[in-house]
């Protein structure tokens, strides 16, 4: 391994336009005001290392650790010199690089096999994995994004005309009534039977009828086609209305016409 | 992104902009904006290079194009927009079935009292419910067209007498009030809700 | 409201529903919903009376109908939706001059890690990126609805596990994660232990 490093140190570090470059270009100088931008440019130590490797065409599977460490530390020191707040990760990476470098300088064990663990392996794995994600992020950004590259279609739904009114089911009414009765413990005389309901229904009907015209002849309430039960119910309804003082039933003389009118009408008459 | 339509490459002379393309852009813009687009906004689409008359004309053409579909191009106060035709709503509502609104217990009880005990005054309702009946409750039912005042009871204050309407019967699918659930069995006063549910199932 | 389309009056036999009308309803539903409509939602439009094949066929017809316009009917992970063709955006942007969000590299890399390696914890992301991942980065992606925490890894601290959402796929026009651009083939380069062992064996 050592000789690999040695040989690399003697090999051109990069080829520029086919010309071997024996020395790392001294382009490390960055104007201080650009440093902050520079710091923002890198996502972290891995990103910086990748930049150095790619920029100088270093072989990622056989990284010249001495060179890379030197390059890396030059950046870090420069940033520290300008007292830029450097994330702790950068310093941690410095330590890691130095450690790898020194482990590689150790004499090779005698039983050298290809299975021997390369101290750089983990770093290389991380660098490659990071580069893979970095590229994936770029690709992801190139995919069309909603809002950025296309708009979604959404026509207005005109709803105003369809304000659904609440629905009432017969059971709702029944349950409401049950609730009322059980709650108020209404007396038995409040009980409404089918028959009295009919009477009640006809009471409303008669009231409506009377509202339209002031006075109605008694017999007009009984249509010729009415069945006997109907006649009875209508008659009871009229009596009930009279009892509740809602209508007035009047006959001026015996055998004369009987007229029905609302109490209101009679009051204003 | 395809380049052929980049606005920068649009001819600056208004009339050279193909009217089909213009309509296509108009249509797209109107389909993506929920708020109505006023004409001066629409002009921006074409860098104000098309005058109002041309746009108005194209919009009218678009309106005709859409006439037979489920949405229509309309002008509202704020400008032009596409909106759904009313007949589409029953279908669209199936996607977001909002629970039908329900009346409060107070409204239902009031309605039940009016239905079973009509004609009744507000005082009658209050007596049975044991609480005061607020005006909004009666207003709600009147606005629905389910009850109306059919007269006044001749007592001090001459309170209005309420009864249910034909619309109430129609809306509840009843031919007459006799078809309301009978209440004879309620005389026992011990009927529970579960009981009545069982009965209504049988 | 016009009555002829009341859903209650729809014939129950699927094929008797006029296919033009069906397409019209489909089109309306798709033009009014921003979120993609999955087929099972679309079925609800017709009370599940139309089978998937028929709907698929009609949707394809709709797709063709719109091919020459400024919008297109596409399928993404969430289902079917209309969106504008990319060439329309420059025009639409004239109406909304505010720039859509551009994400920083940190956000994009975090998103990429979650997308390709999900489910991952914040620690996993930090390990790959080599830096701490600030909360605002994850918040940004969560606010966009692109990632969410789907559980916790059963290790000390029980860190949240993040994954991408259906909205992420929808917004990137994808039907599934498999449609993400493939990762650069670095496997051969990555010197994992297994790899080097394999190589030494050969």
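Chains here go by letter, A, B and C, matching the order in which they are written, and residues are numbered from 1 within each.
In this text, a contact is a pair of C-beta atoms (placed from the backbone, for glycine too) under 8 Å apart; a residue touches a chain by one contact, two chains touch by 3 or more.
The structure presented is a predicted model; accordingly, all values stated were derived computationally and were not measured.
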Using mean Cα positions, find the chain sitting nearest the overall protein centre. A
Chain located farthest away, centre of chain C as origin (C-alpha): B
Distance from chain B to chain A - Cα centre to Cα centre, in angstrom: 26
I'd like to verify one number: the distance from the centre of chain A to the centre of chain C, where each centre is the average of its C-alpha atoms, in whole angstrom. 14
CA centroid of chain B to CA centroid of chain C, Å: 33
Would you mind listing the residues of chain A that make contact with two or more other chains? 149, 151-157, 161-162
In chain C, the residues touching two or more other chains are 1, 31-33, 71, 82, 84-86, 88-89, 92
Across the complex, what residues on chain B touch chain A? 1, 31-32, 34, 71, 81-86, 89, 92-93, 98, 100-103, 105, 108-109, 111-113, 115-119, 128-130, 144, 150-155, 158, 161, 163-164, 171-172, 174, 176-178, 180-184, 186-187, 189-193, 196-197, 200
The answer for chain B against chain C in the complex is residues 1-2, 4-7, 24-25, 27-29, 31-33, 37, 41, 44-47, 68-71, 82, 84-92, 94-95
Chain A residues touching chain C - in the complex, by the definition given at the top: 43-47, 60-61, 87, 89, 93, 113-115, 117-118, 121, 124-126, 128-157, 161-162
In the complex, go through chain A and note every residue touching chain B. 149, 151-159, 161-162, 164-186, 188, 190-194, 197-198, 200-201, 203-204, 207-208, 210-211, 244-246, 262-264, 267
